[in-house]
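Written below as structure tokens is the structure these notes are about.
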Amino acid sequence: MPTDTSAEISIFKRRESETRSYCRGFDTVFTRASGSELTDEKGRRYIDFLAGCSSLNYGHNDPDMKAALIEHISSDGLAHGLDLHTDAKAAFLEAFDQQILRPRSMDHKVMFTGPTGANAVEAALKLARKVTGRTNVIAFTNGFHGVTMGALAATGNGYHRGGAGMALNGVTRMPYDGYLPGGADTADYLEAMLNDRSSGVDAPAAILLETVQGEGGLNAASPEWVQRIAALAKDHGALLIIDDIQAGCGRTGGFFSFEEMGITPDIVTLAKSVSGFGLPMALMLVRPQHDIFGPAEHNGTFRGNTHAFVTARVAIRKFWTDDRFQRDVAAKSRLLTAALEEMSELLPGSCLKGRGMMQGLDVGSGELAASICACAFENGLIIETSGSEDQVVKVLAPLTTDNETFLKGLKILRDAIRGVTDSSKFAAE
Amino acid sequence: MPTDTSAEISIFKRRESETRSYCRGFDTVFTRASGSELTDEKGRRYIDFLAGCSSLNYGHNDPDMKAALIEHISSDGLAHGLDLHTDAKAAFLEAFDQQILRPRSMDHKVMFTGPTGANAVEAALKLARKVTGRTNVIAFTNGFHGVTMGALAATGNGYHRGGAGMALNGVTRMPYDGYLPGGADTADYLEAMLNDRSSGVDAPAAILLETVQGEGGLNAASPEWVQRIAALAKDHGALLIIDDIQAGCGRTGGFFSFEEMGITPDIVTLAKSVSGFGLPMALMLVRPQHDIFGPAEHNGTFRGNTHAFVTARVAIRKFWTDDRFQRDVAAKSRLLTAALEEMSELLPGSCLKGRGMMQGLDVGSGELAASICACAFENGLIIETSGSEDQVVKVLAPLTTDNETFLKGLKILRDAIRGVTDSSKFAAE
Amino acid sequence: MPTDTSAEISIFKRRESETRSYCRGFDTVFTRASGSELTDEKGRRYIDFLAGCSSLNYGHNDPDMKAALIEHISSDGLAHGLDLHTDAKAAFLEAFDQQILRPRSMDHKVMFTGPTGANAVEAALKLARKVTGRTNVIAFTNGFHGVTMGALAATGNGYHRGGAGMALNGVTRMPYDGYLPGGADTADYLEAMLNDRSSGVDAPAAILLETVQGEGGLNAASPEWVQRIAALAKDHGALLIIDDIQAGCGRTGGFFSFEEMGITPDIVTLAKSVSGFGLPMALMLVRPQHDIFGPAEHNGTFRGNTHAFVTARVAIRKFWTDDRFQRDVAAKSRLLTAALEEMSELLPGSCLKGRGMMQGLDVGSGELAASICACAFENGLIIETSGSEDQVVKVLAPLTTDNETFLKGLKILRDAIRGVTDSSKFAAE
Amino acid sequence: MPTDTSAEISIFKRRESETRSYCRGFDTVFTRASGSELTDEKGRRYIDFLAGCSSLNYGHNDPDMKAALIEHISSDGLAHGLDLHTDAKAAFLEAFDQQILRPRSMDHKVMFTGPTGANAVEAALKLARKVTGRTNVIAFTNGFHGVTMGALAATGNGYHRGGAGMALNGVTRMPYDGYLPGGADTADYLEAMLNDRSSGVDAPAAILLETVQGEGGLNAASPEWVQRIAALAKDHGALLIIDDIQAGCGRTGGFFSFEEMGITPDIVTLAKSVSGFGLPMALMLVRPQHDIFGPAEHNGTFRGNTHAFVTARVAIRKFWTDDRFQRDVAAKSRLLTAALEEMSELLPGSCLKGRGMMQGLDVGSGELAASICACAFENGLIIETSGSEDQVVKVLAPLTTDNETFLKGLKILRDAIRGVTDSSKFAAE
């Protein structure tokens, strides 16, 4: 394996597509990762407040998952099993049934889609259209659901939409909770549009939403709003799809982001942290009455990542058998809120965004947010932005981060904010 | 882990979506896999002529890849690295550069898409549209490119298209090599359509094709036809996209299925066997002048499956450093042709389809083909069908299958054909 | 010619499509029409407050247009001239130039589209997309722009949209002036959506609106709102298209409905009353810099109804040479407002809608509105409804209606309202 | 009215859109028209072999229609009647019923669409989709059906398609009779595509075709081919739509172009010559079982051009009460064929196209065809081209042209061909 950095960087420049992205902001070559820390080839360690965009909610290389996966591979467990029955899948389903679905009284069927979040969203939209015989899907401002053509139509981000190279159809855009100027109720507006036979909004197959918009800038919907939307979906014969790809798997406290909201989505999409270990895996939960795809009607070669089943089973058994993990996340979330509030005072005009362990600071400009992240990286913290102008500094630490590391990371962030503020003051003088 | 079969089967019935598919034809619970064999929970062993639909060209749990992967995991190598630079990715790119691209004089850039074939196709279509500023894509009868909305528009299969729940746009369908009645030249027809300003076929962004249509029934295009299509693409300002997801990675002999054809595609999509180990991984090769996506313009959380980089590197170094593997595959392909020719004589009206290690027998009806596969499964062989009526029995054995096992598998298949033929003769009498 | 009513009615039932519509509410056979009156085959006379849905702003068979048309036909003037130069077209263009465009400082070119309003809208949308290279068009709730596929995508009415039999693409729906609950400013909302790069609203080719929504329920936008929208269009590189098909040609006072608003649309569509005589004619006004269609790029056999040029020229010279007609319409509009206010008092909960000679009464329910119209018809008045629930009784009298006839018609309407109110009171008791 | 030419031409340049087209090739101002002749403002007379693109099959200002129209206008007959019952409509329907539909055993209902051919096609496509619940429509290479978005999707012409400014969806393009290289049967190919569940051609709502492609280059389908297509439509649950807008109303001999073919279309679209006088009028014939649009579901203000009803009735009663007119057209068609054969000999490589009174000469290049038309115009003949390269000189004389005038026109055409041939020979020397 090559050890010379410049050689390694050069192969990326020479052969990897210009589409590469995160490596531009964090320009080093990573070699090892454990818990909440990454190490680069020079041995430098970084606290990880990005966590694979919430794909590593349980941190890097969790020792129990790691052991189980090595055991599985060592004993010639299947790596690739199409959608055949395997013991690994059975064990995952049993765990998911017992620890996740049944305690929450969810009768949903589990559909393993291609192992990307976008694929789960594609499956969800296709299914909702098939179930209802309708085409139109309601999606919201600043929503992010992936970049394949079906999912991209529902994604708000203009940069990604521009990548399509053609018009994106089948989606009506509505304002998310809090979007309307003057604070008008966006659920009222949606209701008016759906009730009005001449509004131009066709009867929807589905209403698709994230309860917290991760990429869209950590906009958190109120429970009341989500309930209103759920009721509107029901009243108008549309399926309610909760895209819990980023906000699920513990990120906002419960396993699902909507647990405290008193709603039962018709479809839930999960990906990112569902494998527990960062392995590609995605699934869709669907109520039995809507589970009407024929065999392989939505298919894909990798719709059964057996390695991921192994780690996902361990994750569920380890973290979701009792409520200790959840209480821990709740405590850490409060700590995060307090820390961000303190930082916000350093930056007049900034404000807190988000919910649970998916909070951040809207600093008002993408340029400023980028400076803060760059400064943090210099000091050993990996952290990213989100929002339509990349103006929100987003803390997505592993949920398992120990308090010492967490506080250390937050301190680096606070210092970065202070540094940037000082230098801009300096510049202004 | 549960050991009782009925319990395991019951969790699938209870919780897994009705979309599950292969498990219906091969109704047992698999627990172990090695080389060209699968083992179920009862200890029964099966020869695998399905090979993860060509995702396991090097067999199950190749010992060298396995060792490297365990070593990587044990030493806390990254499991999930977004698109950050990692040593594992660098090592893969170096190997791919040295063993695959440079020897074939290919200057293509490597873009890691979401780890499904469909995602690579979506990226390819988006990029071709962006590069050309055109919308229309030419795809062919019986082509299969995935089931997310962008890829599905290019897929011919009506059952999968029906799953979309809405119209699929942006693709013009043209007849594949040999499709026209009376043997008229389909390249001539395409040329006429493209040259005719009133044909109703808009100037294409891309022409997308498989050189052998795996799902479409093992239709193999002639090199001359592929060359004609490549020339037409060039003349009409369209990108030539070769979807090598099923036919690539050695399946037809060379690493790419088009190597002997004297063409240079603008874009190549790879997935399935590219990780070598059956792990989810997909990529797109694109000529540098067309590598114009901005950073993360096409993105996805799992567009960097580090475990897959590890095994993919080993696969390339192990199998593609010299031509031994290729010669082996060629020899096995001839053996396969001979065996299928013999079987064809048992079934009047049947005919051989395909190329290389992607050959099969068109037995004329889906019902008959299904009987053959069911009978083979009873006798310890896993084999599947393809084609518009599922009428083609398709041999997709691992390329690394030793001759003894291969012949054993072929014997089971021949016996199944004979059995089915006899019983239908019997029924007819 | 048949004289027996039942015979005539029977041919309609036997041979005319079930799509026929107005004849169901006004179930008699009309034979003659003059000024503001229609006569049926039994000699019964009706005051016409429908005026061909505003296609007969100058009444039926205006004597000067009639004379000019007969003279044209008698002397073998062309009836059909494709888009050849004819003296009739030249004379119309001269009149339109001198009396309409120049006095309003409009430098627009005149494009004769197919002779339907929908065709003019189709041409406008196509042109805006071609000019900007963008696809998305902003249209508004309750807008009505025609039922051919391009125009229908912009039309809000769900009943008509349902007739498409397929998804309607390329349009983003936004709330019209006053549509948002709680009175939030819809221009603010549109501005927020257009400024937000992640709103999911793609950069628009055009913003398309009616200043008064005729079919949508006589919703009248404020001048300030229209100015805001015009400014937003300009700021965001979109063309402003005013669909003046129903509200133009004097219906709201000026020749164009937007004259007093201080805006210059990039494109204006006209149809309905532009021929003056009820003959099929439509046109599109487009600023010279956007007049980029090639010869016949948008074409149609009837894009030059020479008879209509003759009557349109007379209409312009007769009514728009000085401001007498405009003052007259303004006076009649005030009279109409006063009469409707009086009627509104008879119907608690009802409210006035509209502007100029395109006003009506929102009576709260489609059933009630239908009863009123039916009762009016029995008493010799032809009047129709509009709105998403057909709940608005709409007065669209010819602008040339003499005061006596106008008051007579309004009296019949008032009596119908009173009658319906009484009978429902009676029913309630 | 202006009398100075330069003034008139200048108003067109100053105010008419650059989209104007025919006036560029025939650059004079026409003032009078009668029978088969046009007169310009300088008194120059032209023989008309364009006939309003087949909108003037009975010539200009037919005296009987003219008289009836003047009588109608003089006596205050309605000019605009929405879709109210009028005596004029009843009389037209009676005539159409008695002289056209009943003698041909057609039970179709008559739907009056907006008065353009494109509008009738839009209505037909919408209805077929609604009836079948399917989206896809099969249309053919070189077909021309109008330029509004729904119809344009079915139109083959690339120049017009380019005017859309966005992708055109919902149509699958198939090769017209004779289009395939090597003479392969295009009906066989369509059958293969429709029978193949993986062809990628979705089950069609309709198959839409012209029996002679007027704009597409006078391609005439054989009766056997049309029968095959009709049978395929029936077998596959699709509606057969014959677009008889250009080829109908006597142009190919019978009232409908398909009369001798032994088929019954589900829908027929008519426009152009259906009014008889060149007035805007279009209609759609639909079998009763498919007449399922609700009232006004497809609507439009001008869907009832009363003046056109008057002239259309006279046309039907005058020309279609017995078979004299048909025999006359047949004789003239033979004369035309003979004349074109003679001309073809002057131009090696040229060939005859078309059928009936819709024949022409494919001269191999658009430039040559344009020269011929320009030369003919100088000598007093108005004639135009069609085809994908405008390479077909198309004779579309009024069907009522007397033999003397017809021969005179043909002589001018022959001289033009000879002249162009001579001068190009001269140039070549």
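Here are a few things to note about the model shown:
Note that the chains are named A, B, C and D in the order they appear, and that numbering of residues resets to 1 at the start of each chain.
To be clear about the criterion, a residue touches a chain if its C-beta (ideal position, glycine included) is under 8 Å from a C-beta of that chain, and two chains touch if they have at least 3 such contacts.
Protein names from UniProt, one per chain: A, B, C, D = Diaminobutyrate--2-oxoglutarate transaminase.
Model, not experiment: these values are computed from the prediction.
The greatest centre-to-centre gap from chain C, using C-alpha centroids, is found for B. Looking at B-C and C-D side by side, the one with more C-beta contacts is C-D. Here the CA centre of chain C is 30 Å from the CA centre of chain D. Separation between the centroids of chain B and chain C, computed from CA atoms only, is 58 Å.
We define each chain's centre as the mean of its Cα atoms; on that basis chain B and chain D are separated by 49 Å.
Residues of chain B in contact with at least two other chains: 135, 159, 166-167, 169-170.
Contacts from chain A toward chain D in the complex involve residues 166-167. Taken together, the chain A residues at the contact with chain C in this complex read 135-136, 139-144, 155-159, 161, 167-173, 175, 179-185, 188-189, 192-193, 196-203, 216-217, 387-389. Across the complex, chain A meets chain B through its residues 1-2, 7-9, 11-12, 14-24, 26-34, 38, 41, 50, 52-53, 55-56, 60-61, 66, 69-70, 73-87, 89-91, 93-94, 96-97, 101, 109-112, 114-119, 122, 125-130, 133, 135, 146-151, 153, 159-160, 162-167, 169-170, 205, 271-272, 277-280, 284, 286, 291-302, 305, 307.
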